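Per-chain residue numbering starts at 1, and chain names A, B, C, D, E and F are given in the order in which the chains are listed.
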């Protein structure tokens, strides 16, 4: 019955990558904790880079500096 | 002072349904725990079906198989 | 497949009250959104009154003033 | 290593305001808890006013009544 | 910069299992999304079985029936 | 009506520090977004250092290495 919430910046995560995250996270619950996959939820939140901060800065600004 | 967060897939939840969820969840806090409705928060997140997984699969794929 | 998270202060919520919250929240999903109860999760977090603030104040302090 | 999640209604929060929230929240962690800013995350969620309820009502409806 | 939150029931998860969850979830972010591990957070919440419901029932009750 | 959730490791955060976090976070909402403090919630989660990972490692292990 695990619930896994993955938060990443919304920088072109593809449908295939989301599927790989869901499969990998579910597999991890089965392998490490012997959990039942049919009641394992994985939810992915894609967060705008203006709305995510690290080290006092917006990720959108950090990306601009790096460019 | 309760805080209730409801996460559902974003499959055409209407404004009226959202209102019903807010009223019902608030009522539950009042009835069961005698909480004060004026400081009861209900937040609804609608999650894209590509971003929600169950049983190793994306909900968007499960919906396709059922069609 | 809904996921509901209920956060309340940890002020002697009984096992029966928790059960009532779980049943009521699940029922709300079935009635309003026609969701499947067998994949409806309800999680209750009980938060220490020192760790919950409203109106600039800790709930533990608000409770003391009221006493 | 703190993680701060700020949820507000999506009512025209500007990029500058988001930056001020990120800086202020990070500063709070440094000042109060002596945390390291380079591993302090701040995430802002903007929630539609139809999806946020208080006192049994949708915020979108409360805003309409006030107008 | 991903943030992963894993919620499981508090049924004797060992320190070694927690470490395996942290490593596995971080590795998933690196492999699938090419993320930087030094800013990847994994947080595990262990939830009391009285506080987790599925299919209208508390997990503590479901465990009792199965015994 | 903001909701702020602060997650930190459970390393002897005092009641006074929690109060400072609650006041500071509420003040930030008032100053930056002109929000109403009486409906501003601040919730603090203290997470065991075994349950928090960064850079593949448990914080409890990182603390041991530093000692």
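Keep in mind that, in the parts below, contacts are C-beta pairs under 8 Å (C-beta built on N, C-alpha and C of every residue); 3 or more make two chains touch, one makes a residue touch a chain.
A quick note: this is a predicted structure, and the numbers were derived from the prediction, not measured.
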item	value
Farthest chain (mean CA position) relative to chain B	F
Interface composition of copies chain C and chain E: same or different, split at half	different
Magnitude of the superposing rotation for chain E and chain F (Cα, nearest 5°)	120
Most distant chain from chain D by Cα centroid	E
E-F, D-F or B-F - pair sharing over half of the B-C contact pairs	D-F
Between chain E and chain D, distance of the C-alpha-averaged centres to the nearest whole Å	26
Centre-of-Cα separation between chain D and chain B, whole angstrom	20
Multi-partner residues of chain A (each touching 2 or more other chains)	1, 3, 7, 21, 25, 39, 41, 43, 52, 54
Pairwise touch network: line, ring, star, complete, or other	other
Chains grouped in pairs wherever the two touch, ordered by label	A-B, A-C, A-D, A-E, B-C, B-D, B-F, C-E, C-F, D-E, D-F, E-F
Touch list for chain C against partner chain E, complex	15, 18-19, 21-23, 25-27, 37-46
Chain A - residues contacting chain D, complex	7, 47, 50-58, 60-61
In the complex with chain B, residue positions of chain C that touch it	1-9, 13, 17, 20-21, 24-25, 28-29, 31-33, 35, 39, 52, 54, 59
Sites on chain C touched by chain A in the complex	1, 3, 39, 41, 43
